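In this document, chain identifiers A, B, C and D correspond to the written order of the chains, with residue numbering beginning at 1 in each.
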C-alpha cells in the first residue's frame, strides 16, 4: 500500500489507492475472522493460530514471530475498521495528500504489526513504528498549538517506551531458566515462567507504566488531550481508536501474561491509579470547552477503564476490557470523525460558540448523538456492553478493596452522562449561536460513509455482543487461569 | 410455545422506530403518523391477545393449585459474563407483566391516535413517531424482562427515549435543559440500580427473576450474613435497586426532573411521565416483591420515602399555576401512593393486599392520569398556554373536554364508582393494616389530592374567561377527542376489574371486599375536600389570594417546590462543577502537565547550560582540561600513597 | 655544587605554569600564542634535559626538540596568518569577540 | 663539581626564565610580552648551550628568536595600535587561571620533588653530539635515522607556507 501511494501522482490517485488499500484491509480482516472462527470451530485449541516465525537476528534469538488469538483478531478488525473510516474522514485533506497517506499507512502498519506479533522485540519495533509517524502527522497536518502537542506526545510516549525497553530487556535476560536459550517469544517465556520474583517486582511496573503511558493512565495522560486536540481528524481517530489500545493490549500481553506473580502483588497500585484515571478523566471532561479536549478526557476515562478491568484478573473483566477497547475505539473514532467534520465547517471547536447545529446539519447531529449515547452506555450500542461486562466482572472479585473500587468506577457512568449531555445540549440543541453557521452544509457522501460505517460497527457490537465476547473469552480464559 | 407471538409486541415497535427514524424524512407526515399508529394498533391487539390468553386461557396448565405460573415465553442468551451470570433477552409472562402490557399498549395507542391531531403541523412529526415507537419498545421490553439485567437494559433505553422526547423541541433551551436534567437525575438513580444489581448478583449468582423470587429466602441467605457499614449487604442491594426505581418513579428527593419534563409535548407527558415510564419503579419493586418483603429495613425505607413524597408532592401541587406542573406533582403523589402501598404490604397482612392494591392503582392511575394529561393537552392546544391564568370558563368552549376532565378528577379523588375509588381504597386498607400512622397520613394526602384537582378543574373550566383575542378556544379534532372519550369510559369502569383474582403477590387469588369503614372515611374526606375546593375556587374570588398572603412563606416555599431545584442546582454547579471538576481540570493543566512541562524545560535549560561548556572557547577547554588532569593526578597520588 | 636535573626542571615547570596561566587568561590572540610558545619551550627544555642526563650517548630528545621547534615555527606562522585574517574581518584580535563561528 | 662560572650562569639563566616567563604573561602591553618572550627564548637557548647542545641552541636562537619572534612582532604591529593596553583581567578569570596554573605546577612540582633522589643525579660528561653526527642522523634511514620526520616536516613547512599565503591573502 505504501508502495502504491508512493507511485501515485495526483490527489485522485492517492485517494483511490488509499481506499483500495483500506478496503483490502477490511476484506483481509474479515477473512481472518472467518478463518479463525472456522479453525476454532474445528477444535484447534492452541493459544495462537496462524503462527509463523522467521529468524531475524540469530545471536539474540530475535524472530519475527506472528500469530493471533481471539483478542488480537478483534483488535485487528477494529483497526481495519478505523483505518477504513479514517481514509474517508480525511478525504479532503490538504496539502501534501500523498505524504499524509503514506505516513498514515506507516502508522497502520505499526498498529497491525503490533497486534500480530508474539515476539517482544518485533512488538516493540512495531510499537515504535506506530509512534513515530504521529509526530509528523500532528506536527505537519495538525492544527492549533501543534508543535507543542506533537513534541509533548512524542516525548512522553518515548519516555514510556524507554521504560518499556528496560522492562523488555529485563524480561529477555530472565526469559529462560538458568542456562537455557534466552528468547523474545512471548509464548515461550510464558511457558518457561522463569522470571525470578524479585525481578518481576521491578519489571512489572516498568512494562506496565511503559504501556500505561500509551493507555493514558493517570498521571501519564496529559499528552492525550493536547495530542488529540492538535491532530488532524483521521489521526485523532486512529490514535484514540487504536493506538491507545496498544497500551491496554501490551499491558495484558506482556506485563500481566509474563509476570503473573508480580501482577498479583502489585496490581493494587495500578488499580488505584487507573481507578483515579476513570473518575478523574470524567470529571475533567465536565468543564472543558474544546470539543476535542472533552473527548480526549473521556478517552482517558474510558481507557482507564480498560486498564482497570485488566487488573481485575478475571476472565469476565478481561473480556470486558477487550470489549471496551473495541467499543471505545469505534466510538471515539466516530466522535473524532464528527468533531473533525463539524470543525471543518464551523472552524471552531469551542462549545460556547456553537449551538443549534442540529437544525443546520442534521446528519452530523444525529451521528453525534449516537456517538454520545454509545459513550454514556446506551444499551444496544457498544459502550453499554463493554462497561457492564467490566463492572460485573470486576465485582466478582473476591476482595472488598476491588469491589469498592468497582463501585467508584461505576460512578463514572453518571459523570459521563453529565458531560456528554452538556456537549450535546450546547452544540446541537438550542438556538443557533452564530449567524454564519446557518449557511453551512450537511455531510458529504464520503463523510456519511465514514460515519455510517462506524455507527454500524458500534451497533453491531451493542446488539450482538455474545459473538465478540465469546471470541475474547476463549482467548482470555487460559491466561486468566494463571491467577485462579 | 403457545404465547410466543408475544415477541411481536417487541419487534413491531423497534422495526417501526428504525424504519421511521431512517427513512421517515422521506415519508409524508400523514403516512408516517398513520403507519406508526397502525403498527401500534397491531401491537396493542397482540398484547391484548397474549395478556387475555394468559389471564383467562386455561388450556396449558397455567394455573396449578390456584396459582398462576410464570411463563418464560422466550429466552435468548444475549451476553454471557460467567457461567452463572448471563444476560438473556426473553419474555416473561406473569400477572403483572401481562397487566402492564395492557396498560402500556392501551395508553400508547391512545397517545398515538391523539398525537395525529395534537402534533399536526409540527416540525419533526416523523421523528416524533419514531421516538414514540422506541419508547413503546423499551417500555414493553422492560415489563416483560425475564431477568434484572434485561430490565436494566430496557430501563436505560426508556430513559433515553424519555430524554429524546422531552427534548423534542430541541430549539427551546428550557426543553433541552429539562431533558438533560431528566436524564442525569435518572442516570444517577440508575447508578444505584446498577450497584444494587451487582451486589445482588454477586451473592445470589443469578440475574433471573424467576430464580430470585421463587426462593427468596435463599437469595437473602446467600449473602451469608455479610454486612457492610452495619447493614446486611442484601438490604444495601435492595435499597440501591429501589433507588433506581425511585429515580424513575420520581420519588423524593429524586423527583426534580419530572415537573421539568413537562417541557416535552403533552401527549408524551401523558404517555411517559404520567402513565407508563414513571411507574417503572413501582413495577421494579413489585417484580422483586418476594425478596423485598424479607428485608424489613428496606421496606421501611420504601414506606417512608413513599409517604414523604406523597405529602410533599400534594402540598406543592396545591399552589402551582402551570396546569401541567399540577398534574406532574399529582403524578408524583399518586406514584408515591403505589410505592407506599408496596412498602406496607406484607404477605401476612390481608393476604398481601398492598401489593395487589399497588398494581391496581397503577392500572387505574395510568388510565385516568393519561386522560387528565390528554385533556390538558387539548386545553393547551386550544389556548396556547400552560398557565392557568390564561384559562377560564372553558366549559362553554370545550364540553367534551370538560366532562372528560371532570371524570378524571373524580377518579383521582376516589369517588365511587370511578376507578380511583377502588384502588385507593385498597391502598388505604393495606396502610391501615400495617400501621394506622401510614393510614391516616395517606388519607390526608388523598384529601389534598381531591382538593388540588378540583382547584385545577374550577380554575380552568369555571372561572371567568380571560380575553382570548382572535382565536377563541374550540373543541379539539376527532383524533384527539376519541382517546379522551375512550379513556373516560375506561376510567369509569376500570374499578370493577376483579384485580384480586388476577394480580396478587403470590399469583394466587385474593379475596377482596371493600372495607366500608375505610372506604367511607376516604370518600367523606374526598367529598369534603372537593367541597372546600368548590367554596374557594368555584368562582374567581379573593379568598385564595388572601389565604396565600396569610401564610406567604409557606406558600412561596411550596410554589418554589420547597427549593429542591435550587438545592440541586447548588450541589451540581457549586459543589460538583466548581469544587471538583474545575480543580481537577486545573490540577491537570497546572500540576500534572506542569510537571511534565517542567521536566522538558529542565532538560532544555540543562542543555543550554551545558552548551556553554562546548562553546568553542579554547581557553575554557584548557582550563577544564588542566584542572581535570590535576584532579585526576591528585586523586591518583593520594590513592597511591 | 652540582647542577642537577631538578634544577633545570623547576624553571621549566614554572615556565609551563606561566604558559598555562597566560593561555587561560589572556584575551589577545597573539598573547595566547605567546603563552603557547612558553609551554612549548618548557617542554622542549624537558626533552633536552632528560636526554642529556639520562641518555647522554643518544640524541633522541635533542632531535625531538629540533623537530618541535620546526613545527612550532610552522604553527606560529599559520596561526598568525589566521589571526591577521580574522583581524581583517572583524578589526579585533579579542578572542571573546569571535563568537560568529560558535553554534 | 661544576665550575663556579657554570653555576653562576645557571642561576642567571634560571632566574631569567622564571622572571621573564611571569612577566610575559602578566604584562598588559602586548609588545612587551613579546619582548619578554624573546628573553625567555634566549634563556632557553642558554640552557641548551649549557647542556652542550650547541646546535640546538643555535637553532633555538635562529628559528625562535629570529624567525618566530619577528612574526610575532610584525603581527602585533599590524593588529594593535601603540599604547593600546589590554584591559585589566576580571578577578574571576584571573583566579581561574592562577588556580589552574598553580594546581598544575604544584602537582608536577610535588612529583618532581618526590623523585628528588633520582633527579638529583649529575650530568655525565661524555656527550657526543657533534654536528656531523646530527647531520648524518637527520639524513639517514638507518636505525637512528630521522629522514622520514625530516621530510615530513619539510612538507609540513611547505604546506604552512602555502597555507599562510592562502589564508592571509587579500581577497
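Basically, a residue touches a chain if its C-beta (ideal position, glycine included) is under 8 Å from a C-beta of that chain, and two chains touch if they have at least 3 such contacts.
Values in this document were obtained by computation on a predicted structure and should not be read as measured data.
Relative to the whole-protein C-alpha centroid, the nearest chain centroid is that of A. Subunit A and subunit D have CA centres that are 73 Å apart.
We define each chain's centre as the mean of its Cα atoms; on that basis subunit A and subunit B are separated by 36 Å.
Here the spacing of subunit C and subunit D, counted between their Cα centres, is 6 Å.
Between subunit B and subunit D the centroid-to-centroid distance comes to 103 Å (mean Cα coordinates, whole Å). Each of residues 20, 24-25 in subunit C touches at least two other chains. Counting only residues that touch two or more partner chains, subunit D has 96-97, 100-101, 104. By the document's touch criterion, interfaces exist between A-B, B-C, B-D, C-D. Residues of subunit D that touch subunit B in their complex: 96-97, 99-101, 103-104, 107, 110-111. Taken together, the subunit D residues at the contact with subunit C in this complex read 1-2, 6-7, 10, 13-14, 17-18, 21-22, 24-25, 30, 33-34, 37, 40-41, 44, 47-48, 50-53, 55-56, 59-60, 63-64, 67-68, 71-72, 74-76, 78-80, 86-87, 89, 93-94, 96-98, 100-102, 104-105, 108-109, 112-113, 116, 119-124, 126-129, 133-134, 137-138, 144, 146, 149, 153, 156-157, 159-161, 163-165, 167-168, 170. Against subunit D, in their complex, subunit B makes its touches with residues 622-623, 626-627, 629-630, 633-634, 637. Chain contact summary for the complex, subunit B toward subunit C: residues 611, 615-619, 622-623, 626. Across the interface of their complex, subunit B is touched by residues 151-152, 155-156, 219, 221-223, 225, 280, 283-284, 286-288, 315-316, 356, 358-359, 373, 376-380, 384-385, 388-389, 391-393, 395-396, 403, 406-407, 410-411, 413-414, 417-418, 421-422, 425, 428-431, 465-466, 469-470, 473 of subunit A.
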